[in-house]
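Each chain gets a letter, A, B and C, in the order it is written, and its residues are counted from 1.
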């Protein structure tokens, strides 16, 4: 027997231990001794921390500040601290179901004293899992569809601009414009294909047109940004899409880019920048709030409703933008904005980030309710008529959640749709 | 070269497959156009009685122990010999598991053109016109096979069943070729395990969605399905809620189905669901939302209350 | 164990399909091509057999629109050992008879123990290539296979019939097998692996013999099947609608 184990045995149990006159002899009295940290194996922690990007995993000192802010723990048994503890006690994160539950919402990183960065750790470990052939089936389908069709919805790449046919406002395609434009609008996959996403895209087109913005879209040349696929572990797919998109972005002349979705905003601003693409980019809420002086006079119809706003993780916590969406909502006459308890820096997560969008059934098996359902219950508790969003992942998620939780009275609308309503008076 | 049509019939476990009668019925119709005979061909062992159930002009029954169960090698040998001897104008296979092993193979062996996935056949001015469903059923291709002989594999339901049923006495013969040393040997049939039904194998599905409202209403849908001789399927919210087993889920995270009938109760048609059922042959949607995307996919629709319609249907069916 | 998988590059039916000006086939300039979905199953089954019994997997297909490389690189990333393509001055459509003839010529030279292929493809108007390959190579063929194991020069296959019934056969090797479904869902090929294959893999090329005849199955007209568009809405109250539905179902022989 080696010395280490001798030592463990020696302090495992005191046959006689009397503390302050109380006899506490027995196996459980170890709590009055030094913690026996060497009976845990560091191998599985190192296995994670040795991956490039995942180094901070080993910095965790188990303070558990991350657990109460973790949106997944709120509907299940998760939390970044627990991952470290499970790795100590024999769980290999790379093959554990836990690996796929994190939505990379970043709320844990916000409160972590040791800056254990799950937003870096998760994609690093997931990439290994993907390379080793361990991918939940739903997610695999989204990867395959993205690789094959350029979007995770599995729709034809040729139809990426088909939604523009429904638009009453002109939607110029940059290839046809044949001149430099002020604004390149990157529409995104869900606004291009999902019926509720298209509603927001059509509203955006009307608003841009009403503001007389000189803009164009990429049409068929646009492909998914790939960032959520990267966060879900498919870095090769991300690189492929990024190379494609950057080459298309650079093919045309434009002054600034406006994106519909916060995930695309994150992709271009943070990740594409690492690949050398550094151009002015704004989320549409930022762009429109910069044009509020011209937009406000167009908002002529009252929207009489109690509205609450869900901060998208990738606009709020990831990029610190909390004010632009609120500025737009406050510009709508008649609209009463009420804040939910979990808002701004502590905003709850819809569950769609980091690949969660394509892990619905998988996550469902590990949680008591969907994150989107938890959020809708909160919105309903604040008496909101409308849950306003500005991320294309969210509309369908929250609409489904409103129905499944019996909150059919709660409407879910993109801020674009609300602005459009106020502009046109159609509600 | 003759003007006869050979309909290659099928059987499993002693039962003649429906498509055999459908083909014989179709062959009779076409034989009139060619001025030849509709000949039913059956290969088997101890199947003389079943061989006498066709309404063909003639039936040829090849009896050999090696033909008792379908065996692509044995069946192929016999059929190649028969075709060579009879030089028929047309050879019809079912586009089935058995037919798909033989039709294209025989096409190469006999040097005769083949048209697969055929759902319509006609004789126009002495020429055979075969219409096939290709590109996943998204296109119909009309072909006139070159030469004076052709092979087709026909889809189930292309011809009515009853026209092929009759009592023509079969001419029994021994195999015209040796069936020794076959490179393929049949060993056994494996019957499906008793368990939950496989909705992908059903011809008729009644699918329920969120509109069904609550667990208590599943019973009504179940009764309706039963009365229609259909099986219950569901969209994701229903299986998520545990109201039906996961095996019944149609769509992106469930299974894809291609039934003959897909009757939908309270499903609005999220893209995730449509992905799993868009290839159903005939779709009826009952959904109160007139703008529901499912109406772009369905053949017939109604916005009447699903419970009222389901109850009324049930009443009429009983 | 030398396993060859014959694949087809076919029009993607995920797209809206357009008909060409002559009205006899697709407008192939307006459609993306993809690997036949059943061939993906065949590749997976081949890799499973290799993993179980050892051997080498070669994937081969006709490069109909000169875009087959990506498909072959994906197959390599999934575990195939070699990939080859049949090239020439080719243009779609190339019928199954012609593709099978070319494939048979190339595969014959590879002296395979087992040839796998997808049981069918969306463009198989003149029949499936599996049974044709068997006929050209003079090998036994079993199709609609959902289970396959190999030992001592014999393959044991499970062939699917309707209603969940299956037949088991023993097949002397070499043989051709048409795969309906692999025993496991096709594995995922991470894009980084595919990209690595694209950089490093050598694809063998075979020249297409332009003198082989066609299938004799010429299309004189192609059209979209009637239907599509918006559902026909049934009017009336619930009673009337129920009656109409039953009527329609009876007419179609569905009740």
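The rule is short, and it goes like this: a contact is a pair of C-beta atoms (placed from the backbone, for glycine too) under 8 Å apart; a residue touches a chain by one contact, two chains touch by 3 or more.
Small disclaimer: the values here were computed from a predicted structure and weren't measured.
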| item | value |
| --- | --- |
| Neighbouring chains shared between chain A and chain C, ordered by label | B |
| Chain pair with more C-beta contacts, A-B versus B-C | B-C |
| Central chain (distance from its CA mean to the mean of all protein CA atoms) | C |
| Centre distance in Å when chain A and chain C are each reduced to the mean of their C-alpha atoms | 38 |
| Whole-Å gap between the CA centroids of chain B and chain C | 20 |
| Chain centre separation in whole Å, for chain B relative to chain A (CA means) | 46 |
| Interface hub residues of chain B, defined as touching at least two other chains | none |
| Where chain A touches two or more other chains at once, by residue number | 137, 154 |
| Footprint of chain B on chain A - complex, ascending | 137-138, 141, 153-154, 193-195, 360-361, 364, 396, 400, 403-404 |
| Contact set on chain A toward chain C in their complex | 130-131, 133, 135, 137, 140, 143-144, 147-149, 154-159, 234-237, 239-240 |
| Chain A contact footprint on chain B (complex, rising order) | 210, 236-237, 240-241, 252-253, 270-271, 275, 293 |
| Residue ranges of chain C touching chain B (in the complex, touch as defined) | 11, 13, 17, 19, 25-26, 96-97, 100, 119-120, 122-132, 134-136, 139-144, 156, 158-172, 175, 178, 215-225, 227, 229-234, 236-239, 241-243, 245-246, 248-249, 252-255 |
| Complex contact set, residues of chain B against chain C | 12-13, 17, 69-73, 96-98, 100-109, 113-117, 132-147, 151, 153, 157, 183-192, 198, 201, 204, 228-229, 260-261, 263, 282-285, 290, 294-305, 308-313, 315-317 |
